[in-house]
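Scroll down for the structure; my scribbles are underneath it.
Labels run A, B, C and D following the written order; every chain starts at residue 1.
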Amino acid sequence: MDFYNRLMNLDRRWVYLVVGIAVIIPVLNPFRVPVFVTQEVRSIYDFVESLEPGDIMFLAIDYDPQAMAEVHPMARAIMRQCFAKDVKLIISALSQNGPGMAEQLISEVAREFGKKSGIDYCYLGYKPYFGLVILAMGQNFRIPFPEDYYGVPLDSLPMMRDVRNYDDVKGVVDISSGNITDAWIIYGNGRYDVKLAIGVTGVMTANYYPYLASGQIFGLMGGLKGASEYEALSKQGDRAIKMMSIQTTAHIVIVLFIVAGNIGYFMSRKKNKK
Amino acid sequence: MRREIPIAICFLAGIFYTLELFIPHRQVLSIFETVRQWAQILIAFAYVLAIANILRVNFHAIQKNQRDWPYKVVLIVSLFFMITLGIFFGGIGEGTIFDWVYYHAQYPLQSTMFALLAFFIASAAFRAFRIRTLEAALLAVTAVLVMIGRVPVGEELWNNFPDFTEWIMNVPQLAGKRAIMIGAALGAISTALKVLTGLERTYLGGE
Amino acid sequence: MKVISFIRVLFFFLYFLLIASPLSFAQEDLSQSWFNPHRVNMLIFLIFFFAIIIYFIDRAKKGKSLFIRRIAGLDAIEEAVGRATEMGKPVLFIPGIEDIDQIQTVAAMIILGNVAKMVAAYDTPLFVPICRPMVVPVAEERVKEGYASAGRPDAYNRDNVRYISDEQFAYAAGVQGIMLRDRPAANLMFGSFFAESLMLAETGFLTGAIQVAGTANIHQLPFFVVACDYTIIGEELFASSAYLSKEPKLLGSLKGSDLTKAIIIGILALGAILETLGITQFTRWFFIE
Amino acid sequence: MDLGTIIWNTIALFLTVCIFSFLYKDNPFYKFAEHLVVGVSAGYFAIILFYNGFVPKVWIPVTTRGEWWYLLPAILGVMTWTRFSKKWAWISRFSIAFYMGIAVGVALPLEMQQRVVKQLHATMLPVHFMDIQGFWNLLIILGVLCGLVYFFFSVEHKGAVGGAARLGIWILMIGFGAGFGLTVMGRISLLADRIQFMREWYLMVTQALWGA
């Protein structure tokens, strides 16, 4: 068998081996791939940067644990950036399986920055029917959430004393893996004019560009790539960036295999014709 | 009798639940919900059939000394091992042995099976993405473009690469997906309708 | 007379278009009422579609012959089974990983019956690994019936319909085991598949089997298209029961579904034209909360 | 690091390697792991259904609250067991029919709503040439139309219908290619996750044996 034929009929185990190596190397020796920051991610970063210490921002953690790999780094980076700047956070978790995961993240980051519940942040937790919850919070956070996640009445939390509704927060960043994003756009922004930015999974990203163009959202982070951009900008964490390097090598290797297979196919066909 | 009654049951239950979408009455909805719970209970009981099937098939294999029969012993022992742990060793809560076995045996096994897909997806791409016909070309070229567009290499090559992949997702991909979805839904609905009216009674089996 | 009834239909149409169109986002409390007025459009669509299907089934029963185009993937089933029997190797039928409540699984069971009939004539084993308990009895019955109708009830082996596991990847592992060790020469995969699709199709390719797959799960179709010899796409799966059995009542429903598609194409074109002209009433009528 | 954790994690590592060994070829270790995962998961589901299906939904309501009507589904469930007898097997059809009826009834309107009417609504887009989106809208509409034509079964794919169907299949192919390319990322993440686990095991064991 000549070279091209052999290339075309390469044993699958060589493919496995090369793909394995392409993933193992960046896991063991993480390197940085260039991160191109897009405007839609930068505007979220700029917004958070523009906040003063003591300002309040609303962070909506609206995804299930299955989507963690892609969007968790976004939530983490934004939370860390806020706490580093002493910006206060109100956090909700409107996805059914999300509250426990959100709580873990919050307590982990809060411990790192020495932040206290009720003083530096307020975790509202979960209530069903996200559309209605988002609408009700436009009246007063206390309607859907008389108490926070830990069962403490909002009225007794120092940071919530003068906070009633969206008018008292500087903006909302919604990180989501499902249609809760739509509710935030339709009800949050549409009804109450909330200044809104979103972070979504890779598959969802394309659907939300129209809202960016129309100004209904001011920023958009899409999937692992958006997360890595935000990490690079804010310099808070590098999980998504690391993952990006693994993805890059693996994708390149697979594409090269496809190209090699086609070269083998065309060259051997050419020879057969002769 | 043996056929007509089941068909009647299926028809009534089907019509009842088709109407659910149109009746917002609270009490009625709670009845719907209760009866739906019944279906879940039914499955819990039907699982006995599944276990019986596993035991029968594997016992026969062991009895006949079929090739690989020692592994069937592993299968049956591990099945009973899990059931024993769940019932006699503290239930299924966090920190029980059942939980530990789940996290350190079942979970790694399953997630490694899942991870094998990374290799399979590569070998399938290598083998099948040969540009033999126009259809194959469209398939292969789109896949390669989307793969490149998802990682920073794309931007390195061409500034608008990510926008281009998004266009692929947003226009041709979306159109194809919708066409399949609408067609498949119509097919599913007409099959469902035939089941409901008893025209299609395969699920009941033969006489 | 015709004119009058036409006007009546038109009036009816306009009434729904302009007055009853369910477009309000009203938050009124419906928890005590017996009908949700916002879903009146859905009800009409459903009744309309049912009527078309029933009409065509009825017509087909009266003996009007119906044309149906060739579906390569379904012809390939026969070819694959034929090759397996020639080689004296088993046939593997995988009915997806969802329960019998999923319509795709029902469609798979219909195909299974036909495959059993094909296989029964020869002494070729037919393996059916199963992922959900409720599918077990149905599949057993289907295979038994298939063998019986081919005149070989004695050839039916109950142990070949095997429950494997409810867990997706445990199921995939079990099926891979059958592929590797029993070496079926034909793998038929029909039903609702998820991530395990590529696992099964790649392992099947390794063993050199002819593979025919069909699913309506859009996200898994790419993998079947890439790794199998023939792929049945979306609605073709549901059409298969009519295609394989050639029963007039089933062919009739296919015709009805085709007409519905033609109507949908018309509605779509009309909607786009009206939307382009800035008339949004029509589109809104297809809005569902 | 206590010994228990190390032992459990070593078991997990061993099983992980067993499964990966399949990539080279089928072997006794993989066979062992394969049968183990099938057995363990079948047992796991039996227990989960027992504690989540039977205990809270039948046992507790009937024995502690006296809500006897929860026995009805239990009877339906027991009826499936008649399949063990040749003579009475037909009784199991009642349960299957009940289950099918509910499933089909729930699915019917939802399929219509989610996959037909909502998709239709989303596809009725304005076509214009003011910006590029207006033109893309035209492509989307044409794509959906041609895709639908491909699914016509009762007309021969010749002439105009054949042309549209062919265009339809091209669109589907582009969609499949995109779907394939998009999935690669997720699958690679899963592999990275397993490799990360193996690395952590290595670090844990070396630390336990030789200290930090």
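Everything that follows uses one rule, which is that contacts are C-beta pairs under 8 Å (C-beta built on N, C-alpha and C of every residue); 3 or more make two chains touch, one makes a residue touch a chain.
Keep in mind that this is a model prediction, so the values were computed, not measured.
Asks: Using the touch rule from the top, point out the two chains with the most contacting C-beta pairs.
Replies: B-D
Asks: Just grab the chain with the largest centre-to-centre distance to chain D, centres being mean Cα coordinates.
Replies: A
Asks: In whole angstrom, how far does the Cα centroid of chain B sit from the Cα centroid of chain C?
Replies: Chain centres of chain B and chain C, defined by C-alpha means, are spaced 15 Å apart.
Asks: Between chain A and chain B, tell me the centre distance in angstrom, where each centre is the average of that chain's C-alpha atoms.
Replies: 27
Asks: Report the inter-chain centroid distance for chain A and chain C in whole angstrom, where each centroid is the mean of the CA atoms.
Replies: 36
Asks: Can you list the residues of chain A that touch 2 or more other chains?
Replies: Residues 12, 16, 20, 23, 202, 247, 250-251, 254 of chain A touch two or more partner chains.
Asks: Which positions in chain D touch two or more other chains at once?
Replies: Residues 22-23, 31, 33-35, 37-38, 40-42, 44-45, 80, 83, 96, 99-100, 102-104, 107-109, 111-113, 116, 120, 123, 141, 144-145, 148, 151, 172-173, 176-177, 179-180, 182-185, 188, 191, 193 of chain D each touch two or more of the other chains.
Asks: Give me the residues of chain B that touch two or more other chains.
Replies: Touching at least two other chains: 18, 21-22, 39, 43, 46-47, 49-50, 54, 68, 106, 109-111, 113-114, 116-119, 121, 123, 125, 127, 129, 139-140, 143-144, 147, 150, 169-170, 177, 180-184, 186, 188-189, 192-193, 195, 203-205.
Asks: Draw the chains as points, connect those that touch, then say whether the picture is a line, ring, star, complete or other.
Replies: Contact pattern: none of line, ring, star or complete.
Asks: Per the touch rule above, enumerate the chain pairs that touch, sorted by label.
Replies: A-B, A-D, B-C, B-D, C-D
Asks: Which residues of chain C touch chain D in the complex?
Replies: Result: residues 41-42, 45-46, 49, 66-69, 71, 99-103, 106, 134, 137-138, 164-167, 169-171, 173-174, 176-177, 180-181, 218-219, 221-223, 225-226, 233-236, 239, 254-255, 257-258, 261-262, 264-265, 267-269, 271-272, 274-276, 278, 282-283, 286-288 of chain C touch chain D.
Asks: Quick one: which bits of chain D touch chain B in the complex? Just the residue numbers, please.
Replies: By the definition above, chain D touches chain B via 8-9, 11-13, 15-16, 19-20, 22-23, 31-51, 53-54, 57-58, 70, 72-74, 76-78, 80-81, 83-84, 90, 93-116, 119-120, 122-123, 136, 139-148, 150-151, 168-185, 187-188, 190-191, 193-194, 197.
Asks: Write out the stretch or stretches of chain D touching chain C in their complex.
Replies: Answer in residue numbers: 22, 26, 31, 33-35, 37-38, 40-42, 44-45, 80, 83, 92, 96, 99-100, 102-104, 107-109, 111-113, 116-118, 120-121, 123-128, 137, 141, 144-145, 148-149, 151-157, 172-173, 176-177, 179-180, 183.
Asks: Could you please specify the touching residues of chain B with respect to chain A in the complex?
Replies: 118-119, 121-123, 125-127, 129-132, 140, 143-144, 147-148, 150-153, 155-156, 162, 166, 169-170
Asks: Report the residues of chain C in contact with chain B in the complex, numbered from low to high.
Replies: 30-36, 39, 42-43, 46, 49-50, 53-54, 57, 99-101, 103-104, 106-107, 109-110, 113, 130, 132-134, 136-138, 140-142, 144-145, 148-149, 158-159, 161-164, 166-170, 172-173, 181, 195, 198-199, 201-202, 205, 216, 218, 221-223, 225-227, 233-235, 237-239, 241, 249-250, 253-254, 256-257, 260-261, 264
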